[in-house]
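Two complexes come next, and they have one chain in common, chain A, joined by chain B in the first and chain C in the second.
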Partner chain A sequence: MGENVVGRSVRRPDLIEKVTGAAEYCVDVTMPGMAHAKIVRSDRAHARITGIDVAAALESPGVVAVVTADDIAALYARFGHIISDHWILATGKVRYYGEPVAVVVAETVAAAADAVELVLVSYEDLPAVMDVDAALAGGAPLVHEQSYDATGDESFQNLSHLEDEADDTEAVLSNIAHEVNVGWGDVDAAFAEAAVVVENTVHFPMLYAYAMEPYNAVASYHEGALTVVSTAQHPYMVRDDLARVFSLPLSRVRVTSPYLGGGYGSKSYTKVEPLASVASWVTGRPVKLTLTVEEAIYTTRVDSARIWVKSGFAADGTILAREFDIVMDSGAYADNSPLVMAKSVNRCFGPYRVPHLRARGRSIYTNTSPASSYRGFGAPQGNLAGETNLDQAAERLGISGADIRRRNLVRKGEEILPGKRGIDADIPADLEMVVESLERDRKDVPYYGIGFGCSASDAGAYPISTAQVRVQIDGSVLVLSGSTEMGQGSRSLLAQVAAEELGVDLSVVTVVQSDTSVTPYERTTGASRTTTLVGLALQRACADARSRLRDMAAELFECSPGEVRDLPGAVAGPDGRELDFGAVVRQWFGGSAGEVTGVGLLRRDGATQKMPPFWEVGMVGVAVEIDPETGVVAVDQLVTVADVGFAINPRAVEGQDLGAATQGLGSALHEELVYDGAQLANANVVDYRVPRVKDLPRKIDLMIAERRDGVGPYGAKGAGEGTLNPIGGAVAAAVARAVGKWPDRLPLTPERVWRLMSSD
Partner chain B sequence: MTLPPFALRRPVTLDEALRELTEDSVPYCGGTELLLAMRAGLHRPDALVDLKRIPELSGVRVEDGVLVIGATERHADLATHPVIQERLPVFARMERHIGNARVRSQGSIGGNLCFAEPKSDVATVLMALGASVTLAGPEGRRTASVEEFVVGPYYAEKEPDELLVDVRIPLRDGLRGAYVKFQTMERPTVGVAVLADDAAGWYRLGVGAVGEVPLAWSFGSLGEIDPDEVAAWIDPTPDLSGSEEYKRHVTAVYVRRALAKLEQVSA
Partner chain C sequence: MTEPSGPPRVPVTVDINGVSVSRQVEPRSLLVDFLREDLGLTGTKVSCELQVCGVCTVLVDGRPVSSCTFLTADADGAAVTTVEGLSDGQTLHPLQESFVDNFALQCGFCTPGFLMMSKALLDGDEVPDRAAIVEHLEGNICRCTGYEPIVEAVEHVAEQLRGGTHG
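Our next item is the complex of A and B:
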């Protein structure tokens, strides 16, 4: 379609500074007069706090203050954007090992660390619920003895397909943080008619979304205004939480996120910002708080899940009905787990025609570290159940894994969630690409198996986006967006869109992001939304700038605006006279100064009316080769299809897919947080085994399917999460085919595979 | 965690260094273990005595048929040292695969033995080779076999005022050796060394990383080594890299693999 700048793998503008270490991350940021905080954390899972003695700590050299719940009782001392249940500092009791109990503020990090040891917290132990079975047992101790009002994030309702859910029926207190039910048809009748019914249970591990940079923030509360620089993926969401804590107008809270050292969902929503902010509020000084990896693991982890699934099929493999029961261990606070669960329920049954469905999901409070968003939002958990169930059914029916999917996959335009946007992708065609690539390089060796899987996620990208472009007197362009750059390459993508729309050279476009007092509103940077939604807002901002420039040029040309034509980086008048953007701005203002701002607003309207704005397809295949003596699984092939509509920057798409697949392989083969009593046995990256370069598959085939079928700019759709979602199920299926037995849990560590092979 | 404050001493002779050592003033070489322990709050010495400027503690040489390696020699240098590559290739190869690039280019052989981390490769191979260490203290020097020196997890038989000076490995003409390790996490799950001096009828097997300390045995022939029997001799430590049963199993597998690899090695 004749685009010039989009569709090319241009080099990302932040490449060199990131590789050389010159790039500024939050941890590099200082504020004048800054003090340092360290956190006193609970050393037990569940206990009443009977006293906190801060005297010795206050006498320790360099200590400025010790902040406890009592000091912040005048504030709204909780956060949580769905259920505001998360106490900034443990109040009355602690709910998990590692929970912040007090903040020590000192002149140096070392002084704060020393004084942490001197804060004496006395506790009275309470019985703890360390897993979902204990939490759901009759008479189980409650993690929360009160219920909390929802914060009224109305988009939660819209994101989660729960519009008709009745709320606020006075519920009996329990450890169920949130329950979701989705379904249609007559499931029991369909099961009764099925030729084959297949039932299985899978366990998805407790994970840590390892990002190289642990959470950190520096905050300054001064004269009724709060300034925070932090590692927030969604600075605007954090701003809203902080404004509520301090009862400040939104305009008096400024949250800035420099480059993020990885997010993967773990940095979405509020984390350490309230701790640094209340410490500043109490001390009157800017306060910096930097967590260790261990503390970061205790701050947010990924929901583990146990999922029971049952599906009924006709003799030819057609799905008649599916039923799911998902139980997630969400830890001590809800955080984003209710949305994770809502999404898991929507996504577990896959992009298939399911005439009768019953899916129930429960998010459970336990006395473990709180779980929240993770790349894929509940899809990796649910998909493992749905896809392995389908493959086991194929085995029982005597058909191939490809055939059972061919029979049931939805076609373009079909709805998988009633009333939602129909599928905006050709998933059957994507499947053929995966299967063809895997089969082409299939090896004929023992203990070799291939597996593949599909997913379609109703992108949790609620369409509220704004963008601005500011055209300068030299024709260069600033793009302003409230989205965050966390490694995904959004700065190149947004610059490419602006350069394309305005017809200017990429080298004169600069993208400025993630400052709530400077860059325009962006709901979140999650759910693979930036390219699609910010891209649309940015296209509108560029059109708005162009329209203003035409109006100004019309005055200069003394013609009507309709007579001014757009040229790349310039306009032309009726007499053929051309003025570049810089000249229009300079001449209109009548000096060598001024600028023109174009504004783009996006909401649920027109093409983005129907939710979700796009479906994020995940389509992957793997081939594994197993060492039968040790159970070690080597990944021989990794095949992915990025069904992105149009790749604005193909290399960035490939990077997202390889990254997502590798992260998925981590949880499929190595990663798992293990609780040993009240504490984690592996809250560090030596014992929590993340993927390494040497684990990379021998063959990597990252394909891109471009059918211009998305609502985004040039037909684009999001990428970033999708490819992770089906990896777990694909690996499980490949291992099952290699060894002849079905695993029921991830990660497939060497010992687990060896035991699977040795079992009878 | 951040490092707690400490004083740094930088002696340039062995005697000077020995005078500096006390319970609270401890030897420091690459710091790959020591600084981690200090960061974790496990250890808080007042002073670190840097050994890297002491010439007596460095260097690789052959003395009367014995390979002498100075305590401060780093893994990366040992892996590529021409004398070691020529006279004891099995040792050079083991050094090349230790930890990661940062650990290899900073960590020393002396620090490795003195820290006595159970999940190690170095002590396993050294025990199999029948190596010994030289220690210097206020009372003079003494020698101990590596078996006598590395006696427990994180426990080397050494006084706080003693320094490890060098490691001594007796060389054998025509020695064949193989070292294989099973590693899925940051550190090895099991490492197996087999050595054969066919002319002398001298055969050794070392198994390490799997239990609290490496173990080594002598045999009259390779045929006497029964992998399943060896697996029964060890005392595996169960942890996240495997249960006791699994570790015993992979030990037998790796003894078999070490023997198979040795067959490929010519004298």
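Our next item is the complex of A and C:
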């Protein structure tokens, strides 16, 4: 359609800063007079705190202060954007091993670490609930003896299906942090009529995102204002939490997110910012807190899940009804798990026609590390159940995995959630691309299997985005956005969009991101929203800037604004006179100075009225070859389709897809946090094994489907989560076909596969 | 300065990216902290602190080491090269160019380690093939890219070396 800058795999300018070591990450940021913090953490799962003796620590060389819950009792000492149940420092009792109990502030990191050992916390142990069965048992000890008011994130209600449950009756206290129910039709009647009913249970592992830069923040509380630089994906959300803690106006809290060393959802919402901030509030000094990887694992992990699924089919494989029961271990605090659950329930049954549905999800409090967002947001958990159930049904029905999907996949425009946006993708066509590629290179060897899977995620999150462009007197352009660059490439992509819209060279566009006192509001950086929603806001900002420039040019040309035409990087008057943007600004202000700001605002309106803003399709295939002696699973083929509508930077899209798929392969084959008693047995990167270069699939086929069917700029939709979501089910199906037995859990480690093969 | 205070110190002299640096450091000072905190060379990053992720890799006398577990005192008299020393400030090193061209990084946090590890390989006597590159980079974790673009980026530079472009 004639675009010049978008649709091309341009070099990302931010990558140049990163290869030289010049790029500034949060962990590189210092503040004048800064002190350092280390955290005293609980060494038990569930215990009443009977005393904290800080005397010895205070006498340790270089120690400035030791902050405990008592010191911050005057503050609103909790956070949580859905349920504000998360105490900044354990208050009264600890709820999990690793929970922060005190902050030691010292002149150096080493001095703080030394003094941590000298803080003596006395406990009285309480019975702990270490898994969901214990937490749900009759008479189970409560992780929280009180209920908390919802923080009132209204958009959360719009995102999930809570309309029916808004009026909660006086609930009996339990370890259920949150429950979500979705359904329609008459499920029981449909099951009674089904030719085949297939039922299975799957277990999704407890994961860690392992963004390689651990959570860190530096905070300065000074004269009623708080400045924080942190590893936050959503600096505005963190600002809101911090403003509540200190009862400050939003304008007095500034949160900045420099380059993030990985995010993958795990840096969504508030993490260590309150700890650094209260330490600064108590000491009057800027305080920096950098976690170790072990501490980061104990800060946020991924919800593990047990999912029971039952589906009824007609004899030809048509789905008649589906039922899901999802139980997630969400750990000691809710954090974002209620939304993860809401998404899991929305996404578990897949992009299929399901005439009758009953899906229930429960997030359970346990005395374990708190769980929250991770790439895919509940989709990988639910999808594993839904897709393996479908493949097992295909076996029972004697049809192929491709055919059962062909029979049931929704077509473009069909709704899978009543009242929500219809599917804005050609999923059946995507499926054919995957199957064709997989079959083309299928090997005829023993212990070889292929599997594929589909998912559709209600992506984009709530559409509130703003953007600004500032046209300078030399025609160069600043783009301002509150969306965070964490590796996904938004800094480069937004520059491409601005250059395209304004008709200026990419090299004169600079993008500034994620400073709540400088860059305009952005609700979150997640759910693959930036390309679509910030992209739209930015297009509007560019149009606004152009409109202002036309008005100014009209004054200079002494004509009406309607007579001024747009040219690339310039305008033309009715007499054919042309002025580039810089000249318009200079001449209008008259002093070789000034600038023009264009503003773009996006809300739930017009094209972005229907939720979700877009569907993110996940479409993957894998082929595996298993060593029968060892159970080692080698990935022979990885095939993905990025159904992105329009790829603004195709190489960047491929990068997102391979990255997401590789993380998915990690959770399918290697990754699992394992609790052994009160604590994790493998809270480190040695024992928690993530994919390495030798795990590369032998064949990688990354395809992009561009049908311009998204609401975003140029028909674009988001990418970045899609290929992670269906990988687990695809791998499970491939392994099942290779060995002739169905696994019921991930990861499929060599031992698990060997045991599966050796079982009767 | 005559009255000793605080923890004991040891003198070190290290050549950092061609500049000789002499300092008194704590015996427990780690090379990565020396680089990042004492010298402000923050290009080198830290992640696992267990010598298994490769993020903090720097070259000590041309040999790749994990600076998160390497004592500064043990670098006394050695030449240390960090990511800041790869480029001459004017033009990027061929590896840096190739990483950018091949989208071999996203968040970039692991990239200094991959660059230094790759440099050590390419500085060797033999121009590596794909298998040798994969073998050599097994100790470096990247969580963003899925590795293939990294392998391609290094292969690309190896091909240039083989063709004599930068030999």
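The rule is short, and it goes like this: the second predicted complex is superposed on the first by the 757 of 760 C-alpha atoms of A that agree within 3 Å, B and C clash if a C-alpha of one lies under 4 Å from a C-alpha of the other, contacts with A are read in each partner's own complex, and residues count from 1 in each chain.
Here is the rule we use: a residue touches a chain if its C-beta (ideal position, glycine included) is under 8 Å from a C-beta of that chain, and two chains touch if they have at least 3 such contacts.
Just so it is clear, the structure is predicted and the values come from calculations on it, not from any experiment.
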Go through the superposed model and pick first if A:172 touches only chain B, second if only chain C, both, or neither. neither
Is A:686 touching anything from chain B or chain C once the two structures are fitted on A? First, second, both or neither. both
Check the residue A:113 against both partner chains and state whether it touches chain B (first), chain C (second), both, or neither. first
Of the two partners chain B and chain C, indicate the one touching more residues belonging to chain A. C
Contact-wise, after the overlay, does A:315 reach chain B, chain C, both or neither (first, second, both, neither)? neither
Chain B versus chain C as contact partner of A:632, first or second or both or neither: first
For A:12, select first, second, both or neither according to whether it touches chain B, chain C, the two together, or no partner. second
Just chain B (first), just chain C (second), both, or neither: which does A:292 touch? both
Answer with first, second, both or neither: which of chain B and chain C does A:674 touch in the superposed model? first
Output check: A:754 vs chain B and chain C. Expected answer is one of first, second, both, neither. What do you get? first
Check: chain A residues flagged as touching chain B and also chain C 110, 292, 686
Counting only contacts in the complex, chain B reaches chain A at residues 1-5, 182, 184-187, 240, 242-243, 246, 249-250, 253
Could you please specify the touching residues of chain C with respect to chain A in the complex? 6, 26, 28, 36, 41-50, 52-53, 55, 82-84, 86-87, 92, 95-96, 99-101, 103, 105-112, 115, 134-135, 137-138, 140-151
Please name which positions on chain A make contact with chain B in the complex. 109-110, 113-114, 292, 629-630, 632, 670, 674, 681-682, 686-687, 689, 749-751, 754-755
Please output the residues of chain A touching chain C within their complex, sorted ascending. 9, 11-12, 14-16, 18-25, 27-28, 61, 110, 209-214, 259-264, 292-293, 486-489, 651-652, 654-655, 658-659, 661-663, 684-686, 690-694, 696, 700
